[in-house]
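Heads up, the next two complexes both have subunit A, just with different partners, subunit B and then subunit C.
The block that comes next holds the complex of A and B.
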């Protein structure tokens, strides 16, 4: 007998969705994305971060970490975990 | 795979159109056929290297993780060739996975998270956040029903960045076919009209030249040549020792230059040029023989019969290269008494008559003017092609000329326009507001900044300007102001744009001019910027090459970027060594130029007629105005002529 093709399970979160109203935050997020403004904001943020040298600093941190650990012993996850606190901490307000 | 959206949830997509176009076109897609999970992967793998034993990390391109390998082996050699159909290019050239209209909001299928990274499974297009990606890979079965993670669901694509991710190894993986498809999508978008890139200046000629590079062979004279040498030349004293033993240890070519009346601007540049290796070699090996040249000039001047006879004669006799040749002979003669470059000054005044005075001048302006003078005369003589970029026109361009690439990208549609311009030097702005987020203190701030790769950033956060920082700024994308809107060919209107500079071809000798003199037309006032600039003794220019800049524009791709950028000599020869620094001290209108020369790894301070040996540290602390670097490795090309004159 041939086993039927197994699909990934349909996320049953969908049933919950119908009951719950989206929060204000979610609505705003959706509107931002739909209108394309979120992408523009992200782009602006990227520019500012590059200009003030933040990106270079994060890069340097990643390099230092990768050098210390060994190039082949580092995953993207590790890097993210290492630089996230410093990255968030170095931005004012 | 059902992906029909429920009407009330049209904004929340956890599945993508990705799956439809990417894999159904691929005949090897296994939904219909039984899956082979045998271990004959090695037979399939034309990917060479054995899988590394450790599965802790997904490895690099040469050692792809086992899951990626399995995917490749099952889906054929180029499973991502249809990837472009699933991608869309956003403004500014960013690629992301395409979303249908009305379905832009993407969330994890399991937990509805929408940040920070979402991954779309390559096999079934299910979207998961990083936490749930692993469980997705684990629970999705292959057809044999065993519970081991199926390789299909192990690989996913980051929906925002379009990068491959292995959910089992929990790390980024790379596939050249994938990256090739991404780059293709990006370049297709950035140049919708016609060709992919504007054709760069003489590529065919350069390619030809590249192929004809020869191995370096040391030369020794054969008996005939040796006889010729003995007969036609007189040996220089083996040790120039006019003033005694101490003097005998000084290197050749060190000779002071007398100040003829505020001519330190000229002396400082001349000292640097007298010790510019390719230039020095050219003149000392008699490539421009001043006697021969003057003889020819006399012939030319006697020939001209028109009414401007007199000025033609003068023009014909004027040759800055001849005067430079005379200077080289004098300076390298072994005579240590200071030399007066009066003839040269006179000739230069004739060439640049607007600057002919005993007033103080700008050394950089003199430098440009002098090279231009050499170029004009030599070019007129030889009637060579005017292609400055290839350096064929004259020795000045052969030594100093490089090519800059300028990309202007429309912020609305991403269309990029590229131009190439030759340059003799690079003028850099001194950053005024260095020191980013001040909270980040660097432990490296105490160390010497030279030579340590990420010390540049350490220095920046403590507020020191560095040459590499300036170069970074030079090659950074810059948003042109709204008053400088650029006409976009694709949009057909003027749009705000981003401009980015990069170096297409490096010159033999790089001269960096630091803009320390600010002239404000508005205020009718000029001022000098005294800010200290730290510069390295060894410089690697590869991050500023067009190939590197463009590669970084495409994100984390391992796609070998060829096309017009595959200058392997450039990659090999991007290492430079510092050999001369011209410094300025004092005020804008009353200052003094001094040159520091590096000969046999020893530094000498050349202050007009006075030359003294100095320590490294003095040079490091000096206020650099023009900084000269020479390529560490020189490549020889096959000579086109039988006899090298």
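The block that comes next holds the complex of A and C.
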């Protein structure tokens, strides 16, 4: 099986390497997750992205890429790399 | 405590944009995963359809360019776009509204010609009943080849100059309409 997803190491290992105490960011992150706020923010962001057509743009990019590569030769990783530059870029305009 | 406040502000915005980036990444992965699934499962019809279209149009072009089989003469056995074959002569049978006989569709036009007027016998048929009408309208002799009397302006002198009754009477077959 192809290893199509290259994931960074899980946060636990990273945390122990860098800091004994969690950074502010991590504290905030944890707090957000715990309170359920992070999930809500994520859904809100998702909704907004759909509304403004961002998701459709990304899907079109993926489709074009899949057409070029051939439908069955595409990996999730490929698609992530296809989308990320344009995806991030078009938001922060 | 002014400085830490400023720091806090910038680090706040830094933190929030960092956090936003994280959220965005997560959503990007979701979208990519969805598209990957669609591509792999062949759910996006347009992906396949385009390839099909390209292939079919190339095929059709090849067939058109091929001069060996033409559709005109051999249309008997060649399929049309719905995959149906048609016989060269239409063979549905129905009743002629003029004479009442049952006619085959493919032979209907020639039959109508004969039946309604182009042929010799039809003209005879027409004039026999129209002479009666003519006699009613004009006392003049309809058998001669005179210039037509003023009764009907659809009558025009035929140039072939036959003394046949039909040549005079019959202009466009509309003298007597069934």
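By our rule, the second predicted complex is superposed on the first by the 73 of 93 C-alpha atoms of A that agree within 3 Å, B and C clash if a C-alpha of one lies under 4 Å from a C-alpha of the other, contacts with A are read in each partner's own complex, and residues count from 1 in each chain.
Keep this in mind: a contact is a pair of C-beta atoms (placed from the backbone, for glycine too) under 8 Å apart; a residue touches a chain by one contact, two chains touch by 3 or more.
In this text, all values refer to a predicted model and were calculated from it rather than measured experimentally.
Novice: Touching A:74 in the superposition: subunit B (first), subunit C (second), both, neither?
Specialist: After superposing on A, A:74 lies in contact with both subunit B and subunit C.
Novice: Tell me which partner A:29 touches in the superposition: subunit B (first), subunit C (second), both or neither.
Specialist: After superposing on A, A:29 lies in contact with both subunit B and subunit C.
Novice: Which of the two, subunit B or subunit C, is in touch with more residues of subunit A?
Specialist: Partner with more touched residues of subunit A: B.
Novice: Taking the superposition as given, does A:86 touch the first partner, subunit B, the second, subunit C, both, or neither?
Specialist: Only subunit B; A:86 stays clear of subunit C.
Novice: Once the structures are superposed on A, label A:45 by its partner contacts, choosing first (subunit B), second (subunit C), both or neither.
Specialist: second
Novice: Output the subunit A positions appearing in both contact lists, the one against subunit B and the one against subunit C.
Specialist: The overlap between the subunit B and subunit C interfaces on subunit A comprises residues 29, 59, 63, 72, 74-76, 91.
Novice: List the residues on subunit C that touch subunit A in their complex, please.
Specialist: 11, 15, 18-21, 23-36, 39-40, 42, 44, 46-48, 50
Novice: Provide the residue numbers of subunit B that touch subunit A in the complex, in ascending order.
Specialist: Subunit B residues touching subunit A: 1-2, 6, 8-9, 11-12, 14, 31, 56-60, 90-92, 102, 104-105, 109-112, 114, 124, 126, 130, 136, 139-141, 143, 145, 153, 165, 169-172, 435-437, 439-440, 453-454, 457-458, 460-461, 472, 476-477, 479.
Novice: Taking the complex as given, what residues does subunit A use to touch subunit C?
Specialist: Those in contact with subunit C are residues 24-25, 28-29, 32, 38, 41-42, 45-46, 49, 55, 58-59, 62-63, 66-67, 71-72, 74-76, 79-80, 82-84, 87-88, 91.
Novice: So in the complex, the part of subunit A that touches subunit B is made up of which residues?
Specialist: So the residues of subunit A in touch with subunit B come to 3, 5-9, 11, 13-14, 17-18, 29-30, 33-34, 39, 43, 47, 50-54, 56-57, 59-60, 63-64, 72-77, 86, 89-92.
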